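Two complexes come next, and they have one chain in common, subunit A, joined by subunit B in the first and subunit C in the second.
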Partner chain A sequence: MSTKTRGAITRRSFLKLSGTATAAAVLGGPGPVLHALVPAEDISKQGKAQKLFSACDMCFNKCGLIARVEDGVVKKLDPNPKFLKSRGMLCARGNAGVKQLYDPDRLKYPLLRKGARGEGKWQRLTWDEALDHAAEQLQKIGDKYTRCGVLFMAGSDLQSKFVHRFAEVFGSYNVISHESNCLLSRNRAFLDTFGEVPLPDVLNCKYVIMAGANRFEALVTPDSMDMMTAMKNGAKLVVLDPRFTKTAALAYEWHPIKPGTDMAFFLAVAHVLVSEKLYDEKFVQEKTFGIEQLSQHVKQYSPEWAEKECEIPAKDIRRIARELAAAAPAAMIYPGRRTSDYENSTQIRRSFAIVNALLGNWDRPGGLITASKVGLRKPSYDPPFYEENPFERIDTGRSLMMFEEEGSFKHARDAVIEGKPYPVKGCFTYKINPMQTGANRQKTIEMIHKLDFMLTVDIAMSDTAWMADLVLPAPSYLERLDPIAGLQGASAGTCLVTRDPVVPALFESKPVFWIVTELAKRLELGEYFNFTMEEYRKEQLKDLPDAMDVLKKDGVLNRPGKLYGVYEGKAFKTLSKKIELYNKRYPALGIDPMPVYSPPAKVPRGRFRIVVGRNAYITQGSSTNNALLHELVPENTLWVHPKPAGKLGIGHNDMVKVKSSVGAEKLKARLTKEIREDTVYMDTGFGVLSKGLSNVHGMGACIAAILEDHNDEISGNMAMHETMVTVQKV
Partner chain B sequence: MKESKPRKYAIVIDTFKCFDCKACMVACKVENEVPVGFWRNWVKHNGRAGGRRTQFQPGQCMQCDEPSCVEACPVGATYKQNDGLVVIDPLKCIACGNCVTACPYGARYRNPIRHVADKCDFCEHRLRRGEEPACVETCPTKARVFGDLNDPASEVSKLMNKEKLVQVINPLINTNPSIYYLEGTSLLEWPVEPTLPGNVHMPPSFWKRR
Partner chain C sequence: MKQRIGSIVLAIIFLICSIGLVLAESKGNARKGKYLFRKHCRACHSEGAAGDRVGKPLSPLTKTQADWKKVFDGYKDLECKDAWEKLSEKDLLDIFTYLHDHAYDSPSPAKCS
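Let's look at the complex of A and B:
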């Protein structure tokens, strides 16, 4: 090609043009190649740049954003500065949202499995074919095994409520959320102490202990940002974690606690608070139940005793307890979020809750505050009654106090495999990926093999979709019309958010609301989905007539409300109507009314305890394939302390095999002193089986393939830190 | 763009607030279509530092007042504007790479797609739209503060008056950067000596003018 023939175009500008055209596929941002993905009519419709509101969906936080759309293409996502809960920010994942929208790996049309499960052979279907097939299968299973023979699983999503509604009118109460692989132990513990699950007012706190919570990597809004602001204002952060996380790195104190012994630490803190009369006496007398029993109970748990368990010096425990008391009530044990770690996680978190109660931080600035109502209406309906249905959920009775509305993935999976108490032969999953997040992947595969029919709705070919019989493509959050949602933002107050599409849905993708509406029609349940999303939103906002205007104008409706003193004169929603240091309901269920310490299982010689987590660039299994985030974290590694690694002949970056009683995976070792010698760590979200995730396939190892499926005995939450592994150089 | 009163753009960074979330890096990458393998900005850290709190130090092109990159450019493609920004004219740039090694901060790279030198320009195109640089706006803790030092009401001017600020400077040569850090930031020693490619010394004229 000669530049001469191009007349006035200089060599430089020509190179620039041709370079852009040929290499756009590797651009970090949405380059011209995207025009190949965007239908021509969508491009021609809009001649100029637009700024459109939406709410992020790269994790569960739902931060407000403003999309800059040029010629029908989303060029950039910026934070919505008016969004108080997010403190006007958009994190790395939020910024990478453009690559979820414009991802060549997206599911484009309905796919029917042709080969064996997980073989990756698919046949393209039309939507009509796909929906007819799905309705027929659901009907067949319902007729043969009762309607409860279909298990529904829906992740955290604004449209998941329509999957729940569909499940209910279809007739199955076997509905499971993601939460039993996440936070239910915390919820159970705080609910059983305070009568509700509080929000931490991190912003106004002067002294925060984070035990196992990694807020500067596993971002929670507004807690993550507020923690930094509080520290800037002089707050002290103490981190207990077997791993030197970024939260530990930024704390004033980091104690590499022995995994599974947090309860020993907090019982000892309670011991100091009680024995030295450092607790808020007036508060405890007025508002709590069981201080006498607790005082007796914690006598045995001195800091000197705790030191032997948790390996934190007694003098530090004593000092920390005194410092906490001095800062109270603007002092807290941060409740945490993912608490799917030990078999006694509810009781571990109960010890957190009890120390909070002793500090008297309830309903006060810098303490634990309560969620307030956002005023959204919940459109109601009368689901049909199916006489032939069994009486209970399949996962009932396997844990002492399971949350019926969330279920337990672990128990439900066991029940499906055993076929007890009754057979479940169908499964409908939406935006949930238990193949990556549910410990003991082999069992998940076993469960799937028990099914006659599995339907998955998702944006990309997740490992769970990879195992399904029918895969239906959903649009990303930037292409959707969603219901209104209320969010709780601790000291930022509550807010309302929604999403309107910023660009039309790509390919043949259809929102799950449309999918269940179409299925309902085919199953003679159309009357339960005889509304549009606009009508649904109108119903939600019936008591908030001006809300839609504000949402359109600002992209968010902030409702600051009253934050403190809300409980003045109010009874707590517990049996004693007080904060229960001593839980009155537990003894009848055979549960210790106050947390009784039992040491974690000993790590056998030559083995390690494996712990899992994530960093700020990944959301479990859903974002590691994102091109922009993949560049930041191409694979996970196994964190091993150099001392045991040396004994095993393992060098930095060596490939190692990690083996537990349920499986083995290979990945690179990262030799680091940022972890205890008896513990190894890896990130979630890698080692995928799906070849439909082209960036991350074959990279790193999958936590679910290694972790044994222990569970919290009380809540049925998964217990992911109870697995011992061997590590071997490959 | 004619300005009646010239601006002097600057960024003040509070290293204390950064928790290394890399939102700034991804925001920049998307906004400026930075190719895979390259970055216009970064977050450095000082490791475990003997049990003390770790510091994460964000950075990018420092928009120096006496830029070594401008000295090193043989064709005048890179130059300092009167608003303080150091910019690159892609039509003039011959992608020789002189400016890449001449930058004490490693802020430049050769864009393999566009075949020009590239670096942070405080998102000049966003400034023209009345927006802040992408890295500044997206930051969860607002560790970066952007503004006009010639405007006494701007946040950066206020910080300049109120706080003790430091600059990250190569000990041999002060290029007068326009990025300031709140006092207490560690990692002050990392800038390298400007050279031409092949470790060739910058011309004597460059050193003499200091």
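Let's look at the complex of A and C:
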């Protein structure tokens, strides 16, 4: 931070002021505070309103935005109308991004834990002290336990690639993404059926079934807006969900399906399509493998059988199957996003994928289309090899078909706790919050207690940061220079997006790129980070010489490209080189080649199955403390149907205790008929332990504290809907 | 005579490498293979490669698992076979394992940009 600040404020007084600013802002006077935080060079632009491009980071979608900056202060964030992927939209969370930037709860300088883990006692360090300490600890663990003795976890962020690069050159291949708490089983299922993970062309679809997906609340761009547009154009949306979500409310039909039985529904749909020859025969003969086996397999799964499992009338299943076929190929089973729900979630999504294949919607308008290359170069490097390292990742072999580059948080955590197959004693996390998102929080705490050193880089004191030994402050997306990113936007095509700082970084925050560069220098790995971000970007754009000019002019470079018919004459990337209704690889691994239905565990008497999700104001644990969003959703509640609630003597807004085999939490009950009688529901992102999140601390309950840690047996994805709970009035 | 000795040496090298490739059915160290691939192959087989010998850019995603096996079975027909012959049996097995295990039709395809 420059010492040249407004008036006579020095670095020391600026930081002191920022502490005062915190208190002032809490008391409700943000105006003067913001001005006090703005360096003089920006105040010199007083009177000049600027409009600067950026890309949102309030969730993973990265929608284009234009920041209105006045007097060096970001006043408002507007959508970028040229940003096709987000259809020129910026949602409520996106608008609230200003409050992430000017959040008094932001981490301001490096902090070293002084008390017990989670006690909240910290000592302020200088950056040099913090980096020296971190490098020393990483070196010590690497020397004692091999380089794989450090576990790296990085969230969905444009700079996470530098954490991965640092992990690789440091020598650890124990790198976990957020995906194993989210969508791995969907990816597994579609990859194993089509040879790649497709994108849904929702905009041009005439008939969409969303099973569990809540696209009008858990927004995905462009799918959420495209679904609305498609419906305006006459498309039919059918929602299967145990909960009456906003998506269900706006759908043509809602079926409160029994949780865990989606596969029964889709196998019955396949039964109707096959037995009534409603599928695209030409497409299936030419492009799929295993229709004979599938035809035999689904004979047992009639709609009448499925009705008893999923509690959707057989006549409706049959009708829906016929309507789908009539609309095909512009008809789809929406693949969904978060699929961390059941122990057989890959096979559930295989049943989605198989019905899509029968509809012949692959590579066609209104169907499933493929990702395109965006043309960015991936700057290469040659990391060293550490002969003393163990042979495999720590979580290897704990599920049948894990993704090498994603890992499994659940399995890695178990492995760290067990110390098997080898000890892991260090952890580096960046913008990821498994204390909130990883089921069975007690186990996450247990894992952290096994570590000699844990370093967290984040914008605010998340629950994960709260448990760390060293916490380093990162700037928000509005203050950062990021690498160029290529985004996939389904029928909007691909695009390139850039993110330049719209205001300078506040406090002493430093981007993780700078942090790993400095750590690399201290660990004699500086040669792998001997470039600036500008140089990195230049290398990325080497094959797109005009791209930067367009990015500067429009904030986005849209690359529509060819969307349909891309696979004409091409082999599918599967063993059979076709779409695999029958998976050729699975039998050798002991996996059923076609989804075999087994009913979900029965909900015991007096208990409920708990399901989790989010609304449009929540991005898991990272947005609930945002001042604007907190006003809209101050706490989560437990959705309970009035009938069982009545039997338990629970009234609306009563405080209840929700208890599973791994933990208990207290929160208010919301009595509503918008949920099945055998199911209860909670939003993610509340019940935080961190006292550094002042708005949300003490509000609501944490899903991770209640959910048991089951996993999808194929992909290692967390399975978060397998937990049964009791609910008692407090 | 020199030519004959040369042929015998070459035949021995081929034999050793062939044994290695038979072993390729078993598991090498994919991580070491990634390192060795970058060290020995990428200089010629990458975008923007320059020099006397520039090959097509290669990554595990360039081929199917079956095609990688074919390449390793028939490497002696490649222009760069001399470079292959400088590598040990174990190194070749490691490189094969890396490319094969992350091929585009593998269960865990390498990530691309």
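Here, the second predicted complex is superposed on the first by the 694 of 730 C-alpha atoms of A that agree within 3 Å, B and C clash if a C-alpha of one lies under 4 Å from a C-alpha of the other, contacts with A are read in each partner's own complex, and residues count from 1 in each chain.
The criterion applied here is as follows: contacts are C-beta pairs under 8 Å (C-beta built on N, C-alpha and C of every residue); 3 or more make two chains touch, one makes a residue touch a chain.
Just so it is clear, the model here is predicted, and its values are computed rather than measured.
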item: Contacts of A:96 with subunit B and subunit C, given as first, second, both or neither; value: first
item: First (subunit B), second (subunit C), both or neither touched by A:382; value: second
item: Partner chain in contact with A:632 - subunit B first, subunit C second, else both or neither; value: first
item: Which superposed partner A:574 touches (first subunit B, second subunit C, both, neither); value: second
item: Contacts of A:64 with subunit B and subunit C, given as first, second, both or neither; value: neither
item: Winner by number of subunit A residues touched, once subunit B and subunit C are compared; value: B
item: Subunit B versus subunit C as contact partner of A:401, first or second or both or neither; value: second
item: Touched partner set for A:585, first subunit B, second subunit C, both or neither; value: second
item: Contact residues common to both interfaces of subunit A (with subunit B and with subunit C); value: none
item: Residue numbers on subunit A that touch subunit B, as the complex places them; value: 10, 12-13, 15-16, 19-20, 23-24, 26-31, 75-79, 81, 87, 89-92, 94-96, 98, 216-217, 219, 224-225, 228-229, 231-232, 244, 246, 249-252, 254, 616-617, 627-629, 631-632, 673-674
item: Residues of subunit A defined as touching subunit C within the complex; value: 173, 191-192, 195, 373-374, 376-378, 380, 382-385, 389, 391, 401-405, 486, 542-543, 573-575, 585
item: Contact footprint of subunit A on subunit B as seen in their complex; value: 14, 16-17, 19-23, 25-27, 29-37, 48, 51, 53-54, 90-94, 112-116, 131, 134, 137-142
item: Residue ranges of subunit C touching subunit A (in the complex, touch as defined); value: 29-32, 35, 38-39, 42, 46-48, 64, 101-102, 104-105, 107-113
